[in-house]
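All chains are identified by letter, namely A, B, C and D, in their written order; residue positions are counted from 1 within each chain.
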Amino acid sequence: MKKIGILTSGGDAPGMNACIRAAVRAALANNLEILGIQWGFDGLIRREIMPLNRRAVANIIYLGGTILGTARSAEFMTSKGRQKAIKSLKEAEIEGLILIGGDGTFRGGTQLAEECDVGIIGVPGTIDNDVYGTDYTIGFDTAINTALEAIDRIRDTAIAFNRLFLVEVMGRHSGFIALESGLAGGAEDLLIPEAPHSMDELCRHLTKNFKQGKRSAIVVVAEAEQPGRSFRIAQEIKDRIGIESRVCILGHIQRGGTPTARDRILASKLGAAAVTALLNGKSGYMVGEINGNVAYTPLRDTWEKKKELHPELRELAKLLSD
Amino acid sequence: MKKIGILTSGGDAPGMNACIRAAVRAALANNLEILGIQWGFDGLIRREIMPLNRRAVANIIYLGGTILGTARSAEFMTSKGRQKAIKSLKEAEIEGLILIGGDGTFRGGTQLAEECDVGIIGVPGTIDNDVYGTDYTIGFDTAINTALEAIDRIRDTAIAFNRLFLVEVMGRHSGFIALESGLAGGAEDLLIPEAPHSMDELCRHLTKNFKQGKRSAIVVVAEAEQPGRSFRIAQEIKDRIGIESRVCILGHIQRGGTPTARDRILASKLGAAAVTALLNGKSGYMVGEINGNVAYTPLRDTWEKKKELHPELRELAKLLSD
Amino acid sequence: MKKIGILTSGGDAPGMNACIRAAVRAALANNLEILGIQWGFDGLIRREIMPLNRRAVANIIYLGGTILGTARSAEFMTSKGRQKAIKSLKEAEIEGLILIGGDGTFRGGTQLAEECDVGIIGVPGTIDNDVYGTDYTIGFDTAINTALEAIDRIRDTAIAFNRLFLVEVMGRHSGFIALESGLAGGAEDLLIPEAPHSMDELCRHLTKNFKQGKRSAIVVVAEAEQPGRSFRIAQEIKDRIGIESRVCILGHIQRGGTPTARDRILASKLGAAAVTALLNGKSGYMVGEINGNVAYTPLRDTWEKKKELHPELRELAKLLSD
Amino acid sequence: MKKIGILTSGGDAPGMNACIRAAVRAALANNLEILGIQWGFDGLIRREIMPLNRRAVANIIYLGGTILGTARSAEFMTSKGRQKAIKSLKEAEIEGLILIGGDGTFRGGTQLAEECDVGIIGVPGTIDNDVYGTDYTIGFDTAINTALEAIDRIRDTAIAFNRLFLVEVMGRHSGFIALESGLAGGAEDLLIPEAPHSMDELCRHLTKNFKQGKRSAIVVVAEAEQPGRSFRIAQEIKDRIGIESRVCILGHIQRGGTPTARDRILASKLGAAAVTALLNGKSGYMVGEINGNVAYTPLRDTWEKKKELHPELRELAKLLSD
């Protein structure tokens, strides 16, 4: 193997740059050339490709976002789009390709691995943590700390005003961010997709607290398909038990920012591991971290299998918030 | 004068605690007793009053929110409510009262000063900075830095995704937060109440940038009466020029958090100045800071007169963002 | 079991308060009374003990330090001191005792468990991470993020000035903080106790970089017995290869600050686990987390056995910094 | 005027990049070409000059350090060095030159303005705030907030351990950073160059507090010629009154980091004002901000005249800390 490529795809996540840096340095240390493909699969189709060297990745370890740019490619989802992408890979003489992204990226990657003989290795980079085959994804730790900082700020005003707040965090299909930021933020309640929200229980809890004089509370809500479900929940709470609440939707601030130590270390480890995997002839796998060690999972499993919330953390959140 | 009181009212703002601490220490240094009135004017009516000493205000200088609690009192807006409040003041033998809050608080304070002979001194504490008679209000500097941090984070993802973002900040009737956080954040455009937004101009600007290949942009929007106007603006941009955008509403995270150095210093200065003003027999004034010096403004002026945005900053924002 | 106690001892660590909160709530949920012992073993000897309830631990989850106070007790190291402590425990009718601290605390705890029949459970709370029997200690994640933030700041000025910096972090006998903050900060070199520093190698590396025109570099140094060894290293570098450097000693800022999400979650988990352990009749153990699960380690092992740096991370640091 | 240059010199300060960005955009808006001179006066002598355009300054507003690099030039202090620099200016056809830096930079600038006919305008960029002719320098607000964050962290551990800390901040000849960060941090005492430290008074104060049971205290110390004087002060305190203390030297972390809102706004304003000044034919002046307005001060005055600490803030610090 002489030349490999790397791209970031889907939602950006803090730590992607640390991962690119590690892959570039590991590639160079192994005498591989490495090309950066811009704007995800779209850029691959359009051949927006640039060489990467040590200098190109100097001092990017602390930057949020991704120096390669990212996109969600509709064209790559088509067979014709992928054919163009494969042609680009061939012409650039790329023998191995590292994909940093989440489940959407790995769906595309699974198909790509089946349709061409370029080595394909995925690295889990998404703030949502909803990728099977790794304890944590790159970006998750930063996202929960960002959410947590916001919850801490809102706590100040919730106490000062003796008022109920609904804080909506990211996580459409999974409650990882809500659970961990809520637990760490000392939230009084959580509404997560895994526990289809029992309005009865929430209202009972709030009513009980109110009777005891505790009027300030923070409920962390995982967003649904579209941001904004908290407004409906606020209305329902008011209709049912007459308690007013304020809504905060954290949105895209959870994606950005300088990555935490943990995200940079995870990203560095997996970026280097992806190069090693390619050198070892692996293809169609994601490199993740399980129990502190690098683990390989077939790309198809990463999005077909469902990663579960840790049941112990859910019980802990209940125990401590009650 | 032997005994004074202090309360926080209206929206909480970072630095209120630093102000309370300064007032307490300045009072004690002048052999005054000082009482803390909880939950704003409501607490005054209900006589929720506690003595404050050095120990009570130790280590609160860095806390967001307000240890006294705050509220927006409907009852105090009535003549009957104010009579109850005056009775509370008399029974507690409070001869001077410090009000930390914004324009709503000072409307109430203006009436209170006319209806009783207790010395009334206001201190401007609100993140909005929309109080006449002071260059800056306590909490504003923290709020713009919080908004700025969010804008910086969103910038990461805006660049990575090459996408337009609308970031909605607080400031219903005035664009102080939008102007200063937008200028500091390098926003491509601002929509503020003072410049009733010309959709034509914004769309022209965005179209021009898009033609030049610059697709990532951040537009800072001051919220209107209710948070959420950015969603309508996003729709309108899409309808007019076909550009998709993402919306972020920062909301209450702008109120909380540990205060900045500037807010703590301003709060300390004005808290001490309020005590001095009471000792000097002043009543019906707000203590503010103009050009670095303590300034006194009749309470009525603080909310009747309109504080203008600095025209130079508006021009600067235009020059640099273009 | 009806009544338990809790104390913090040794160097304070961010997350200790989150741990106290969790233990209190878990105790109350199991109908246990819980007492807070102030100022570590010294306070136990002096009987500075206060009851803890839900209210006492409300809104402490985000505070650095410890609400109980801490100390390093010389008296408790004596047999006579421990006898006093045991008498205090008996008189307060404490049947189980939770010790939050590091290796010094657990040395004391080991002896205490042998000398009395009160259940003793340790929880690892120290920024140094040098406790055998847990993947991470409470406070470590916050400490490396604090160190990392400092390194990022210094990077700005190192680049602007094209200059070499030595950044000294905590960790007298172990290089955990240096390794993880250095790896995450993209440090050019590390000097850790586990790799008794080869001045030759460092100087060779710096000389090579200088010849290639790279003059800005950050070397992360684990402090030795006393802070300040970096000054001697700086002098030695200058003497040997003529390169000037600047020294930064991060010191106690690494101990404080609001805990990260990971530290709060770990602290919450282990605080609750400590109560469960006592209820299950365990004594003389530390509750830690290994591979995501709660693990029990005999207290003696926690300080007699040596926790090793992860060799993979050391190699990774070398690979990426070179 | 067709072409101007810009350089940063002396210690770097957060906000220098925001200032460069503003100057570039203001220059381009006025149809001026603008060149960036790297590594301060050294780079001018060596002709390390690059053209700057909108793209070069995109997304630098939030970066610490300076994209141009900086240095303290010994050669420029000589007449011969300046002759080389003037030759570089002539050959590059630079008609106006913007210098961002502190007093050392302006000494050089004063001489340069006298020795050639290129328009010379200074902009105050230094964390120390010790430049006459401006209320604040670019970088000062960020530096005091960084120092403040460190003080807040140390406060956690000071309270938890009931211990005295000496925190040494930058500021060799002036106490601006010490005064404002100490006031905002609630420091118990300050040692600043302007009040040649009376050890008697400090020891009396500490002794009094200790007798009253208050054992945790933070004393903010402005560094002297060389960092480290706090170690000597700690020893002296111990010798005189037997109280142990811990020393923290913040050092270079005060220089880096993303600039605050206030620093970015000030930098933007003064960067644009410098271009305007050159266009108006001014030379040999510094543009600063006094009472919110742009002010011009002869370069010689900026370093010959002494900027005083605000006496009111000094009294306030005394009142509140006592």
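Some points to look at:
Here is the rule we go by: a contact is a pair of C-beta atoms (placed from the backbone, for glycine too) under 8 Å apart; a residue touches a chain by one contact, two chains touch by 3 or more.
Keep in mind that this is a model prediction, so the values were computed, not measured.
Chains compared, chain A against chain B: the Cα-based superposition rotates one onto the other by 180 degrees, nearest 5. Ranked by distance of CA centroids from chain C, the top chain is B. One finds 35 Å separating the Cα centroids of chain C and chain D.
Spacing of chain A relative to chain D, judged by their CA centroids, is 39 angstrom. Centre-to-centre separation of chain A and chain C, using mean CA positions: 29 Å. Shared interface positions of chain C, defined as residues touching 2 or more other chains, are 152, 155, 159.
Of all possible chain pairs, the ones that touch are A-B, A-C, B-D, C-D. Note for the complex: chain C touches chain A at residues 18, 21-22, 25-26, 29, 59, 61-62, 135, 141, 144-145, 148, 152, 155, 159, 180-181, 183-186, 258, 260-262, 264-265, 268-269, 272, 291-292, 310, 312-313, 316, 319-320, 322. Chain A meets chain B in the complex at residues 8, 11-12, 14, 16, 39, 63-66, 69-71, 146, 149-150, 152-157, 159-162, 165, 246-253, 255-257.
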